[in-house]
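Structure first, commentary second.
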């Protein structure tokens, strides 16, 4: 039998020695080849799977559903990886709560299971906090997005990403206008990089850094007295998109100085209320 | 030969009388069946295709790329439609400019071509206007979205949908706060329904109805003096999401009263700058 | 104080009699107006909130996160609804498991809470089933999407929507080709409408109707022996996109005949593997 | 006047010396500050703007609409960039056709205009090719996506990205099954990096490399005889997702060996027809 794809493509480097299908089934993925090209990452994406997630610091657990990307490297000497093992391994986590360290260990086990030098595993999920309105005290859940990311092997690292909405009010608009100032929802993202031996900061701490760098946090429930407070507070704390990322960077850099993290990125996107387009700013450190 | 799908599914209503594949190829789609279920709409979706679009009133033309959905009804006596004919018919439009009437005629030709009682054709595309800043006069293109929709046959109608961003400033926030007021980008949609014999209003007229119902339009370019103007203008014209749709409905209803359109829907979505969620309001007339 | 938005818009129908802000805060939303236009639906959208969902028939519960749209009607005599009450009401559900009937009751309570004639509440969420591979028996979770929808008041109804991926293999391609047949992932949606007094069918039953109408279900984990089975099974059960919706309609119509549901819609979208565009078919009953 | 945002945030590094608003308007963006944090990229995103695009090699021009991201770096000594200049500069391109070199020159002019060391400009747009069916010769337009990317300054480079759908048929499924083989739509992406002095390869050449690495291209129109051809052709040319990226890498690496490009990335995502999730593979060179 000939795997025509390779002959046809004139790729003589592929030498699929596929036996006849006798008693045992052909294992095409494991067939010997010689390719110049090792594969950086191969695996599964677009997978949604339940996850019991745990914050490293507070220990708080939330039942959520993650969007997974699971990959491993593949050397030039092997034709294919074993896709089904990713799912089985993920399913085996079962109801065990996973923090970023557990996520990294999961990536390590994937590398072993798939006989790979490196695994790259990413889980993106919603994370909720109960947030009280500033005056009335009415509270409800506020959404944010968290991403656990782990790379094992020679370039090993862990990354914790948090994303949350906030309010930004334009300093220029305030300065030049006799009344009011344009403001808008902003989407803020903070990504902290950690060596395998470093412990992840608290998710909520990172979220608060972002919110504290904008003109105001957003809230799930606001009564009239709260709306007055938030409006005036934002008016008193105008920030450009550039200011937001710098203010956040100032605070996050404390973690880098104390060697709790190895680097970070912070990005802000303002959904401008005076334009149909957005403004963004990004700091990468170091 | 047996089309196993039907035997297997135990669906005795399907009686595919498929001849042997002799000289001519089997035409599976045209095979006789008897199903209780006529199909409301069958065809192609997720198709992107260039379109030279034309405004019915001004005659302005723009080269754009539309997202197409093309469907026809199918009676219970026929198993399948002929998918390739949709594409060929669309390609045959070539560089001919299409306004909503042309779009309706295209739908009519699709129904004929596919031997259908009704065709349902939809094209969604970006439409640009050159917009000048209110004080400095600096101008650039501002995006909006337009949808041409046509249904032929017993329920014949044409629909023109326009969508544009605008600025909304909250009356409650303004009323209760000592300074400032929260405002945000809003996404506004107006859908006008026409009988086949009615002529479409100008795209830009509908867009201006939406923009005039918000606290302020958005602009592609604003210098400082413009930003001052827009900020103060919006502050002076606060609207709830409910107000936006009512104000737009007031203006659009003039077209209905003068029998230029047969009905309309207007929807506003405020990307609230004090919340992570949106607020919406919708009016349907009649 | 004048709410300039209305004067400016020349909308004399709005007569905001807003007193000075003395001891009590102004309640702008409740201010008296007279508008010709009642609002079909006003409320909150784009909201993500945790939900403990329950299947009406099996009683199975899953912790998930829903995307919510919550609206009520608003008569012409009232200017605004009270947005914060939606969130507080939703939060009050707390950890109580919600099936479609519970969802309908929640909509009823929203209408009362907001003094509305009708509430329109929609929650879309992921729902998982443990699915075993057909030969090896390896199992894992398979995602699907479910939507609970409830409308109370004069047009009261409940709607249960389920969506799942499946495999479709083209009968024409199989019939005309000497070897192989093109096949692809399909996205299948079934929507069943119920009167308030009718009980919802089991979520999994509806999902199985969809999967049984395609060439094969999809699976979370497949070993080689399973892949052989699924490949051959799909090859033996070719279906056009038109066939899928008719086969599903046949099965669902049993529920309509026995008066368990009042109507349904079924839609299939094939992500064609021989095209960059998709094919779709839709049946609406009655 | 005090820009409260900074005092409040306790960020003493910001020393906004904002004069009173006398005759001239305050220029808040240009106010002197001292921040430790230079900004990697600040500017505009989510902008849609018409573009007359040109292929560097063939000279073919297409009127399209690009999604733009336009940014510049900002040193620690300046508080803000001038957002409106991006739009004005983009608008000034007017109807001038832009190839990748023109795009790079545009980025250079943006850096000058905004007094920046580096500009980062990205335009993503649809690109169409007229494709004929393999047997019948029926032709129509086939969509693909192209991204022009330019970074000027110390890390200067140009990147040309192309993305197109193709068909992949699984070698394992074919090998183990007695009839048929699962296949699906794949989304293929090729990114070639160039030094400022290197000339971009033809867009269509890169698209053909991707299509030639899959089991078959996809087509806009196929008649029955074409469908037979494509079905059998794909069956005769099975490829894993790993094979696709390696086959493409083999061909692209010729460009790297002859020093036409400085590096590349190729990624394939298979929308698996037997799963609800996708499989992916990625090669990065060097």
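Note that the chains are named A, B, C and D in the order they appear, and that numbering of residues resets to 1 at the start of each chain.
The working rule: contacts are C-beta pairs under 8 Å (C-beta built on N, C-alpha and C of every residue); 3 or more make two chains touch, one makes a residue touch a chain.
All values derive from a computational prediction rather than experimental measurement.
Engineer: When you check each chain against chain C and chain D, which touch both of them?
Structural biologist: Touching chain C and chain D alike, sorted by label: A, B.
Engineer: Any idea what the CA-fit rotation angle from chain A to chain B is, to the nearest 5 degrees?
Structural biologist: 180
Engineer: Among the chains, which is located farthest from chain A on the basis of C-alpha centroids?
Structural biologist: Most distant chain from chain A: B.
Engineer: Would you say B-D or B-C is joined by more C-beta pairs in contact?
Structural biologist: Taking the two pairs in turn, the one with more contacts turns out to be B-C.
Engineer: Pick same or different for copies chain A and chain C, depending on whether their interface residues overlap by over half.
Structural biologist: same
Engineer: With chain centres taken as the means of their Cα atoms, state the distance from chain A to chain B in Å.
Structural biologist: Here the centre of chain B sits 34 Å away from the centre of chain A.
Engineer: Per the centroid of Cα atoms for each chain, what is the distance between chain B and chain D, given in Å?
Structural biologist: Averaging C-alpha atoms per chain gives centres 28 Å apart.
Engineer: Take the average of all CA coordinates in chain B, do the same for chain C, and state the distance between these two points in whole angstrom.
Structural biologist: Once rounded, the distance between the two centres reads 21 Å.
Engineer: Find every residue in chain D that makes contact with two or more other chains and list them.
Structural biologist: Expected reply: 25, 48, 143, 172, 176, 220, 222, 224-225, 228, 236, 276-277.
Engineer: Residues of chain D touching chain A in their complex?
Structural biologist: 1, 3-6, 8-9, 11, 13-14, 18, 21, 25-26, 28-29, 35-48, 69, 71, 74, 79-81, 83, 171-172, 175-176, 212-213, 215, 236-243, 245-247, 249-250, 253, 269, 276-285
Engineer: Provide the residue numbers of chain A that touch chain C in the complex, in ascending order.
Structural biologist: That would be residues 25, 27, 48-50, 63-65, 84, 87-88, 90-91, 126, 128, 138-141, 143, 220-225, 228 of chain A.
Engineer: For chain C, which residues count as touching chain D in their complex?
Structural biologist: Residues in contact with chain D: 142-143, 164-165, 167, 169-170, 172-174, 176-185, 216, 218-220, 222, 224-225, 227-228, 230-232, 234-236, 271-277.
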